[in-house]
Structure formats: C-alpha cells, structure tokens
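Both complexes shown next keep chain A, but they swap its partner, so chain B is in the first and chain C is in the second.
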Partner chain A sequence: MTEPQVYRELGLTDAEYQRILGILGREPSSTELAMFSVEWSEHCGYPRSRKYLKLFPQTGKYQALVGEDAGGIVYDDTAIIFKMESHNHPSQVEPREGAATGVGGIIRDIFTSGARPIACLDSLRFGDISNPFNKFIMNGVIDGIQFYGNCVGVPTVGGEIYFNNAYAGNCLVNVMCVGICKKDELVRARAEGIGNSIIYAGSRTGRDGIGGCSVLASAEFKCTDEEKRPTVQVGDPFTEKCLIEATLESLKTGVVTGIKDMGAAGLTCSSSEMAAAGGVGIEFDLKDIPLREEGMEPYEIMMSESQERMLLCVKAGQEKKIIDIYTKWGLEAVKIGAVIEGGLIKIANNGEPICEVPVKELANAPLYDLPWEENRKSKIDNRKLDKPKDLNKVLLKLLASPNIASKKAVFEQYDHMVQTNTSVYPGGDATVLRIKGKPWGLAVTSDCNGRYVQLDPYLGAQIAVVEACRNLVASGADPAGVTDCLNFGNPEKPDRYFYFKRAVEGIADICRQMELPVVSGNVSFYNESPQGAIFPTPTIGMVGIVKDIKKRCSVPFKDRGDLIVLLGKNKEELGGSEYLSVIHGQEAGSPPELDLELEKRVQSVCLTAIEVGIVKSAHDLSEGGLAAALAECAILGKMGASIRLKDTFREDALLFGESQSRIILTIAPQDIFALTDIAMLFALPFEIIGKVGGKKLAVEGPKKKLLDLPVAKLADAYFSALRR
Partner chain B sequence: MAKVKIYVTHKKGILDPQGKTVETALKSLGYKNVSDVHIGKYIELEIEGRDVKQQVKEMCEKLLSNPIIEQYRFEVET
Partner chain C sequence: MKFGVIVFPGSNCDQDCFNVVKDVLKQPVEYIWHADTKLDHFDCLMLPGGFSYGDYLRTGAIARFSPIMDSVKKFSEKGRGLIIGICNGFQILTEAGLLPGALQRNKDLRFICKPVELKVQNHKTKFTKKCKPGQILNIPIAHGEGNYTCDEKTLRELKKNKQIVFTYHKENPNGSMASIAGIINKKGNVLGLMPHPERASEAVLGSEDGLFILRSILSSRK
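Now for the complex of A and B:
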C-alpha cells in the first residue's frame, strides 16, 4: 500500500491516486507512480490549462501545422516550424545552466520535426537590476544563453528584456526557436508499425533534474528550501550540435517513422507520448539504456532529464543505418526495445517487469476547471498627475529606463550572425532573416508587456499580440503565425487563475480576428515567490513572411529631408505606461484601449507602403510612446528630426502616452502622393509630423517647444543604461 | 599567515562535459583503459587572522564554487 504522503510528495492528489488504482486494478509500482506523477503534472499533461488552451485558433491566413511538439506554418514549399518554451524555475535556481538548457531544449523540439534550427529569440524578465541579486541572476542567464547559443551554431537574433520587481523572486526565461525544412520532409513524434525498433540516441542518462519536472513545476519557490533543489541539468552544446546534424541526417534516410526529444520527464514522457500518438504500445528493458552513473534506480532512469537525448522509432531491419549515422557523429545510439500491439508501455529491469501501463491513460492527464475570481480594475485620474516642467529631462530619464534603453549590451554578447542569414539585425522592431535560395524571408519577434496584463489581462494579452504584429509589419512582414509561452502564478489561487483564463481568451479572440493560428506553446504556472506572484506574462512569439526580402524595412532614419509620417491617432492615455511608472512611481490605470479596426488599417497601410517600396524606415510605437519612438529612430539613424504636433491635450500624454495602433514611417517627399493613395484605399487618416535632418530632436507642440535635445545626448542615455 | 589549498569539483552525478571530452580524447590517443575523467579547479590563497576555516568556507560558498552544481574541500597549512 502506497502511503498518501508518498504520492502527495510527488504532486498527485488523493483522487488522482484513486484513478491510477482504477486504471491498473492494482497498486502501482514506484516507477509507475513516478511516471503518472510527471505525465499528469502541469509540465507535461497541462491538467489545469488544457480547457482554455482549446480556445486557440488552429487555422489562419497561411496553412498551419498544429498538433505535434512544435507547430508551424507553410509558405511556398517550406515548412516554418517554431515554438517558445519557458525555463523559469531552473534559471532561478542556477541561472547559467538553467538558461543554457532552456536554449538546448527548445532547439531539440524544432529539429526533431525535421526542420533545421535557424534562429532563437529570448524573452527575459528580471527584478530591478539595481539589486545585486537580480543582476546576478540576469548576468547568469545571459551568460548561459550566449554560451549555449554561440557554441551550438544557431543565431540568437532577438527577444526582449523587461525589469520589474514582480519578477524579483522568480525570473522568466522564455526561449523561442525557429526552424525550416521542405514541407514534405516533416517528421512526426509518434511510434508506428508493430515490430519496429525503439532506438535511444545521444548523451547518457544521469541523475539530472530528477523530479525536477514535477517538483519544480508544481511547488512555489521558497529561497531557503535547500532540500527541494534537485540535481541541476547541465547542457553540452557541442554534443547538441552533433545531435542536430546526426538527427537531420537520420531523418533524411526515410527509415525513421517517428522521433521525440527526451525533454521534460525524459524517457517517461517521450516513450509514452510517442506510443499514445501512434496508438500502439512500446516495450523496453532498462538494462539497455546507456547510463552515466552506477546504481540508478528504475524510477530515476525513467525520470532523468539528462540533456541532449532522443528517442527514435526505426523500421525493423534498418537499425544499423541509423546507429551508424549517430556513431559517425560521435554519439551513442542503441536499440532499447520495440513497438508492440495492445497500447501498453511495458518496461522491464533486467528481465523483471516493473511497469505495465496503458499509454492512452498515462498520456491522458485529468482535466480540471479551477475556480477564478475577478480582480478589481485599477483606475487613475490623469488630472491628478503633476505635469512635469522639463520634458527634455523626462525623455532622457525614460530612455535610460532599463525597459526602454538599448539592449545592445546584452544582444551583442550573442552571436546573431552565425549561418549568415540575418538581414535586419536585432535592436529594432523585429529581426529579418533571409532564406538562402528564396526571394522571400522571415521576420521574427516576441512581445509582452506584463504590466498591461496585470492591469487588464484580456486587453493586455491582446495588446501583446497586436504589438508583435506591428513589430513584424514595421519590418515589412505579413504576420503569419503565433507561438506563446504563458507564464502565470499559482493556478489554484482564484485571482491568479482569473489572469490566466482572461489572457488566454484575449489571445484566442484577437488571433482569430487577425487570422493567426496559435501553432504551439507552453504553460508555466506557479511562478511565485514569497513576495507574491509575477506579473501575468503571456509572451507572444510571432513569425511573419517578408514576401520580397529586398523590401525589408528597419527602424533608423535614413536620409535628410525625408518626411516623417504618423499612421494612427494620438490619444490622451497614460494608464500602465512606462512614463507613469518611472516618473510618477505608479503602476496603475487601464492599459491603452485597442480599436481593432483602426489597428488593422494601420498595419495594412504600413505593410502595403513597404511592399510598394516607398518606405525608408518604420517604427512601431510602444513603451515610452511617440517621443521614445522618435528618439530611437534618430539615435539608430544618427540623425535628428524636427517635429510639429497639432494635438492639444496634455503634453506628457502626447509625448509619452502609449496609445496603440501607431507606426511612424519615413518616406522621400515625392512619395507622399503614393502614400496618400494607399492610405485612402484603407480609409486611414495619417499625419505628416515632421522632417528628418539636423543633429537635434526638436518637437514643437501647438503652443510651445516641447523637446529640444541633441541626438548625441539621447544616444548617451539610451546606450549607457544597461552598461552601467 | 596560513596557506589554503582549495579543490572545487562537480558534484557527483552532474554532467561534466569537459571531463567527458578529455576522456574521449585520451581514449583516441590510445589510452583505452581510462574512465571516469573529471575536471575541477585548484585554488591557492594565503590568509591572515583567525577563523580561517569559517572565512574560507564562506568564500567557497559565495564565489569560489557554485554550490548548486559544485562541491569543494580545502586544506589549511599553517
């Protein structure tokens, strides 16, 4: 009889344990119990989130590929596979290895589909960096990303970093990877064909991250709790590089019927899910698993999260072909078992049976609908906010705020050029990648303003999606598909669960309206520390198609005399803004409103104008509003601008408010007629707000001069904040 | 004045890619009888005053080792 304490320690409830007894008709062995506990944890089975994840649209304007580990879209003859995943808890425990293995894990998810990884993006959240501990975590995470990413030969081309004390006890490390292959070369994560062989390939199995999966993902962080620290997984990017090459070569042989990365919950998850997906059973003996250490218990072997391992299903009689390829790349590959009839996963240890479980039941985690409780909305009264006297000072302070300041000090540590496809570099709205031999390219971005989501989860999550779209559009790409990484607090607390529910509904609704499929994603709950929950952060990763790579667009001002055009409308909105937080010390109010019809028209005009070829630079407006966006175009273009604004509402809101649906473009003066035509086509009002030129950014309002600053001084504030 | 010798190694069971690589290289040089290669670091320092052991322990926990994945031991020679 298993003591309740044991299964509870593993994260199973009494009811879940009863269900296991019902499935098996007997007491589970310790290995079986451990396997159920991980398969039914949030990390693998999504029992607390699946209900809402079903809301996501699976189709869009491009053909979507949904349903395997990593999804994607099809364009031309190419499948573009992408996924984002979190590695928050491991990174909080051991920042360098945690982040490094996060990168390794998501790269494996991509190439197991047969796609070659071409880019990674990292979306990071830390506590205030004036605190040395937060800085230590950040430096460790960045070091891990640059170490693993640079060694493995996949460029780290973008991402985002936000700082807020909500993340002080629980940092977020979300990594996205994009890969490409011919659409008919895709491979599925399933076991097929009775009698086919199951082959284990890659690194040996050690005691890495045992229980990490269920214990880490289902317990909140308490810093003093040394006992819960599991063995940390350590990655080896050079092995991973060989694994990429060996795996892609194996998949080309045509004898691999299915393949899965041994990620979360290692061998348990990969074997049972491959069998469940194929509607078959799997049989193997643990004595055949290559081990790194002696004396490992069966449940340890099944739970181990050792990195750089793969499970393949190979046609009977063809095993040698595959084993030879892995051996050639210096990797171990052994046959451990076979596909069997009957839908059971049968595991023996030296011939002695230790597990016999129906895979369908194992892979079918319980589904919970948790109670939620609406949070009170915060309000601010703009009239009660002091108007700053010196707007120049405000702009400099905002540009030096770590959330707006240039992240160059971080991304220049990453190799963003390896594979030589990066054609618009990181540091702007989205990164553009060429695809060798094709006239088209890809733009990639990630986005989420957690503060907005905290203030209004439905609206905040929608803004994350439309802003990611605007980032792509401003680079000349048509938004094509979404992946998400949903980071939230403890779902068993109704106020936290409300954030999750509303944010998912927001993303689902807006994606449907923008015709974007959600092709893949990941949920990370329990992001809490004794200080409370993180800001709810549904990070959106997005891929867009640049139909003509020659017409890509970037942020910097290009030529003196060009006209600066504002698409969209300025509104008097300050809620949730960076300005309100940095200057007034408040994180309150409602995020800016979203008029979806206006948003669509702004994006259509911008994209059409770029595709026609008249746009010289484009920049989406986000944190820091119009003034920060103009400053960024000027700083990156090393040239000034003189601007005249007509709006008569309060000046701080005009300059620093974060109203949505706005993009600034620059065009040559003679192209104004072409732009007017395009704008009329989409019935979008636009405004010529100024001209590029000079060494200063000068902004005049209807009554007086608002800003007058040398670009060099702006650049100093913008570039030095993160370096200091 | 005391001389302190500190040895930092991976904790048992943690993957040691450097050790693994060196092991493979040794084998390829013909030393087929080699196994279980582990690479760590050796630190020497001199220190004055009392509570030497306590202070060195603190240094190891805070800076010289990464207590999450590494273990250390040290010898004090007076």
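Now for the complex of A and C:
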C-alpha cells in the first residue's frame, strides 16, 4: 500500500491516486506512480486549464496547423511553426540555467517538427530593478539567454521586458521560437509501424531536473526555494546545435516515422505521448538508456529532464543510417526498444518488468472545472488627479521609465542577426525577417501589458492581442497566427482562476473576430510568492506575413519635410497607464476601451498604405501614449518634429494617455492624396499632426506649447535607463 | 572561383557564408567537414563564425586540433589560394598560429551584436583591393571575445608590414589593441576579422559593404 504522503509529495491528489488504481487494477510501482505524476501535472496534461483552452479558434485567414508539439500556419509552400513556453520557476531559482534551458526547450519543440528554427523572442517580467535582488535575477536571465541563444545559432530577434513589483518574487521568462520548412517536410510526434525501432539520441540522462514539471512548475513559490535548485536542468547549447543539425539531417533521410523531444517529464512524456498519438504501444528496457551516472533509480531515469535529448521512431532495418548521422555530429544514438501492438507502455529494468501502463490513460490527464470568483473593478476619477506643470519633465521621466526606455542594452547582448535574415532589427514595433529565395517575409512580435489584465482580464487580454497585431501591421505585415503563454497565479484560488478564465475568453473572442488561429501555447499556473500572485500575464506571440519584403516598414523618422499622420482617435483615458503609475503612483482605473471596428479600420489603412508603398515610417501607440511614440520615432530617426494637436481635453491625457487603435505614419507630402483615398476606402478619419524636421520635438496644443525638447536630450533619457 | 566553407561542430555562420557565395557572388561553393583533409581543389577557404566545440576552454582552442587544420596550414604555406576567417574563424586562425596575437573577452565582458564602422587601413591586399584608401565600411559584429591583443613587438611588426587591414572607426567596441578589427598574415593570403561581411552583403539586410571584401577576393584571381 502506497502511503498518501508519497503520492502527495509527487503532486498527485487522493482522487487522482484512486483513479490510477482504477486504471491499473492494482497498486502502481514507484516508477508508474512517478510517470502518472508528471503526465498529469499542469505543465504536461493541463488538467486545470484544458476546459477553457478549447475555446481558442483553430482556423483563421491562413491555413492553420494545430498539432502535437508546436503548431503553425502555411503560406506559399512553407510551413511556419511557432510556439511560446514559460520557464518562470526555474529562472527564479537559478536565473542563468533556468533561462538558458527555457531557450533550449522551445527550440527543440520547433525542430522536432522538421522545421529549422529561425528566430527566438523573449518576453520577460521582473520586479522593480532598483532592488538589487531583482536586478540579479534579470542579469542572470539575460546572461542565460545570450549564453544559450548565441551559441546555438538561432537569432534572438525580439521580445519585451516589463518591470513591476508584482513579479518581484516570481519572474516570468517566456520564450518563443519560430521555424520554417517546406510544408510537405513536416514530421509528426508519433510512433507508428509495429516492429519499428525506438531510438534515443543526444545527451545522456542524469539526475538533473527530476520533477521539474510536477514539483517546481506546479506549486506556489516560497522565496528563493533554494532546496529546489536540483530540480532545475543544466543546458549545453553546443550539444543542442549539433542536435539540431543531426536531427534535421536525419529527418531528410525519410526513414524517421516520428520524433519528439524530451522536455518536461523527459522520457515518460516523449514515449507515452508518441505511443498515444500513434495508437500503439512502446516497449523498452532501462538498461539501454545512456546514463550520466551510475546507480540511478528507474523512476529517476523516467522523470529526468536532462536537456538535449530526442526520441525517434525509425523504420525497422534502417537504424544504422540514423545512428551514423548522430555519431558524425559527436552525439550518442542507441536503439532502446520497439513499437508494439496493444497501446501499452512496457518498461523493464534489466529484464525485470517495472511498468505496464495503457498510454491513452497516461496521456489523458484528468479534467477539472475549478470554481472562480469575480474581482471588483477599480475606478479612477481623472478630475482628482493633479495636472503636472512641466510636461517636458514628465516626458523625460516616462522615457527613462524602464518599461518604456530602450532595451538596446539588452538586445545588443543577443546575436539577433545570425542566419542573415534579420531585415528590421529589434527595438521597434516588430522584427522583420526575410525568407531566403522568397519575395515575402515574416514579422514577429510578443506582447502583454499585465497591468491592463490585472485591472480587467477580458479587456486587458484583448488589448494584448490587438496591440500585437498593430505591431505587425506597423511593420508591414498581415497578422497570421497566435501562440500564447498564459501566466497566472494559483488556479485553486477562485479569484486567481477568474483572471485565467476571463483572459482566455478575451483572447478567444478577439482572435475569432480578427480571424487569427491560436496554433500553440503553454499554461503556467502557480506564479505566486509570499508577496502574492503576479499580474495575470497572458503573453501573446504573433507571426505576420510581409507579402513584399521590399515594402517592410520601421519606426524611425526617415526624411525632413515628411508629413506626420495620426490614424485613429485621441481619447481622454488615463486608466492603467504608465503615466498614472510613474507620475501619480497609481495602478488603477479601467484600461483604455477597445472599439474593434475602429481598430480593424486603423490596421487596414496602415497596412494598405504600407503595401502601396507610400509609408516611410510607422509606429504603434502604446505605453507612454502619443508623446512617447513621437519621441521614439524622433530618437531612432535622429531628427525632430513639430506637432500641432487640436484636441481640447486634459493635456496629460492627450500626450500620455494610452488610448487604443492609434498608429502614427510619415509620408512624403505629395502622397497625401493617395493616403486620403485609402482612408476613405475604409471610412477612417485621420489627422495630419505635424512635420518631420529640426533637432527638437516641439508639440503645441490648441492653447499653448506643450512640449519642447531637443532630440539629443530625449535620447539621453531613453537610452540611459537600462545601461549599467 | 571555388569556395570551401569549413564546418566545425558548433559553427553557426557556415550556412550564411555558403549562401552569400552561392546566391550573391554566384560562385561554386562546398561545405568541408572538419574531419576531412582534402583541400586541393579550392581557391578560397572560409572559416565561419560560431562557437566551434562550444568555445569551451577558450574560443578556437579545440577547433585548432581538428584534422582539417593541418591541411589548412599546408594550404596557406603553398600559397595557391586565400583563407578568410570570420569571427570564430579569426579566433581559430590565431589559435592555430596562422595569424599572430589572440582574441580576449570584450573589455566590458559582454557579448556585443551591432553594426559598426570599419576603416580600411590597407586597401592593397587581395581582400581589400576593391576598397578605396581609408574607406569606411558598415558591417556588423557579434562576439563575446573580439578584444585583439598581442605583444608590443608583434604590434610594431603588424604596423610596419601594413598587416592591420581594418580598424574600428570612432568607437572601439571591445577594447582591441590599436582598435584592430582585422589583420592579414605577412604573405598576404590569410585574413582574419571579427566583423561579419556575410551579414552585410544584401540590401535587404541593411548594408552591402561586406561585398567590398568578398568581391576583392573574387577579383584577386583575375
């Protein structure tokens, strides 16, 4: 009889244990128990989130691939595969290795499908960096990303970094990877063909990362939890680079019928899910698994999350072909077992049976419907807010706020150019990649303002989606597909679960309306520390198609004399803004409202104008509002602008409010007629607000001068905040 | 002109070099596996950037023992073709003794990836004959260990023999001695440089200045 304490320590509930007894009709062995615990953890089986994840649309304006490890879209003859995943808790415990293995894991998810990884993005959240501990975590995470990403040869081309004390005890490290291959070269993550061989390739199995997904990822956090450090894996990017090349070379032989990486829950997950997907069984003996050290227990071998390992299903008789390729790349590859009839995963240890479990049941985690409780919405009264006297000072302070300031000091530590595709560098709205041999390209971005989601989960999550769309559109791309990384607190607490439920509903509704499929994603619960839960943060990763790579667009002002045009409408909104937080010390109110029809028209006009070829620069308005956006165009373009605004409401809301559905464009004066035609086509009013030129950013309101600052001074504030 | 791109385990700019030769220069090009030894049919060898053998121990320190490196040495001694080492390739060439000096960690100990300005200090080499004297080239760097160092005697010789081919212009990003970004051997057939000309050879990537170097190599055979 297994003591309750044994399975509870593995993260299983009493009811789950009873269910295991029912499936097996007997007591589980220690190995079997361990395998159930990892497969049914939130990290692998999504028992607490699946109910709502089903709401996501799986189709959109482009053909969508929604599948096993990573999904994607099809454009032309190319499959574009992408996924985002979290590595929050490992990074909080051991920032460098935690972040590094986060990068390694998501890259494996992509090349497992047969696609070559071409870009990574990192979406990071930390506590206030004036606190040395938070800064230590941030520096460790960045170091881990550059260490792993630079060596492995996949460019780190974008992402975002936000700072808020809601993340002080529990940082977020969400990594997205994008890969491409010919659409008919995609490989499934399944075992098939009775008698075919199961081959283990890559690094040896060690004691690192045991219980990473069930123990570390699926429970709340206590301070630094140093005793959990052994549950963090250690990555080796050099091995991963060789593994990418060897695996892609192996897949080209045509003798690999299926493949899966060993990520969360290691060998347990890869073997049982490959068998379940193929409707077959798998049999192997642990004596054949390459081990890093002697004396490992069977359950340790099955749960280990050692990095850089793959499991392949290879046609019988063709094993040598594959083993030779891995050997050439200096990697181990051994046959460990075979595909069998009957849907059982049968594992022996030196001939002695230690596991016999039906894979369907193992891979089918329980489904829970958890209670939720609505949170009260916060309100602010704009009339009670003091109006700042010196708006110049406010703008400089906002530009130096780490949430708005340039992240150049960070992304210059990442190789963002290797593979020679990066056409618009990070630091603007979205990064643009050319695709060799094609007239088209891709734009990639990630986005989420957690403060908005905290204030209103449904609206906040929708804004994350439309803002990601605007980032793509402003770069000249048509938004095509979504991946997400849903970071929330403890789902067993009804107020936290409410955030999750409403955010997912928000994303699902808006994606359906924008004709965007959610092709892949990841849920990360239990992001709590003794200080409380994080801001709910459903990070949106998005990929768009730049139909003609020559028509890509970027943020910097380009030429003196160009007209500056505002698409959309300024509104008197301050709720949830960076201005309200930095200047008034409040994180309150309702996030800016979203008028979806207006949003769609703004995006259509912007994209059409870029595709016609009249737009010289474009920038989406977000944190810091109109003033911050104008400043960024000026700083990056190293030229000023003179602006005249007509709106008569509060000046701070006009300059720094974060109303949605706004983009600023610049065009040559003679193209104003072409732009007018396009705007009329979509019935969108627009406004010429000024002209590019000079060395200053000068903004006049209807009554008086609002801003007057040299671009050099703006640049100084913007670039200095994150420099050490 | 026949190019060969040497692939060490962990090289990650090998495909970028291959592509630029094939698609932009439109010349025949092959990959050469580090365990091979035959190089006789090549006119130009490229040692690409990346992290050969993970750059464990020290950049280029393990790669210099690859079987191919003996053949590379002989290739340079015979003087029938050119050798260009970019980034990690430059580091391997110094470790192998084909070029003098060493590349230490950047002065602020951080990896740096950004476009930089290079000044052509010697436009009369086989790698720079298409450049004008003192021309400024816009080419990116991406390295953690690009801080060029040598002893004073070597530096005097490099200067005397005009072996310093490129220096960083205005800003020295990594602390290199005399702002050195690229050097050539005495014989004039082996070039090592930290910046990546293959990343600046197409308009879609923002600069075509790398072509001044690659086209110089092409014209050296005519």
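As a convention for this text, the second predicted complex is superposed on the first by the 716 of 724 C-alpha atoms of A that agree within 3 Å, B and C clash if a C-alpha of one lies under 4 Å from a C-alpha of the other, contacts with A are read in each partner's own complex, and residues count from 1 in each chain.
Please note the rule applied: a residue touches a chain if its C-beta (ideal position, glycine included) is under 8 Å from a C-beta of that chain, and two chains touch if they have at least 3 such contacts.
This structure is a prediction, so every number in the text was calculated from the model and none was measured.
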item: Which superposed partner A:Phe238 touches (first chain B, second chain C, both, neither); value: both
item: Contacts of A:Ile549 with chain B and chain C, given as first, second, both or neither; value: second
item: Superposed model, chain A: greater residue contact from chain B or chain C; value: C
item: Which of chain B and chain C A:Glu632 touches, first, second, both or neither; value: neither
item: Partner chain(s) touched by A:Gln146 [first = chain B, second = chain C, both, neither]; value: second
item: First, second, both or neither for A:Gly330, with chain B first and chain C second; value: both
item: Partner chain(s) touched by A:Glu39 [first = chain B, second = chain C, both, neither]; value: neither
item: Which superposed partner A:Arg434 touches (first chain B, second chain C, both, neither); value: second
item: A:Gln419 touches, of chain B and chain C: first, second, both or neither?; value: second
item: Overlap of chain C and chain B interfaces on chain A (superposed complexes); value: 236, 238-239, 330
item: Chain C residues within the chain A interface of the complex; value: 9-10, 12-13, 15-16, 19-20, 23, 33, 49-51, 53-56, 110-114, 140, 142, 144, 196, 198-199, 202, 204-206
item: Residues on chain A engaged by chain B in the complex (per definition of touch); value: 93-94, 97, 203, 206-208, 229, 231-236, 238-239, 292-293, 306-307, 330
item: Chain B - residues contacting chain A, complex; value: 11-17, 20-21, 24, 66, 68-69
item: In the complex, chain A residues that touch chain C; value: 146, 150-153, 236-239, 241-242, 328-330, 411-420, 422-423, 425, 434, 436, 549-550
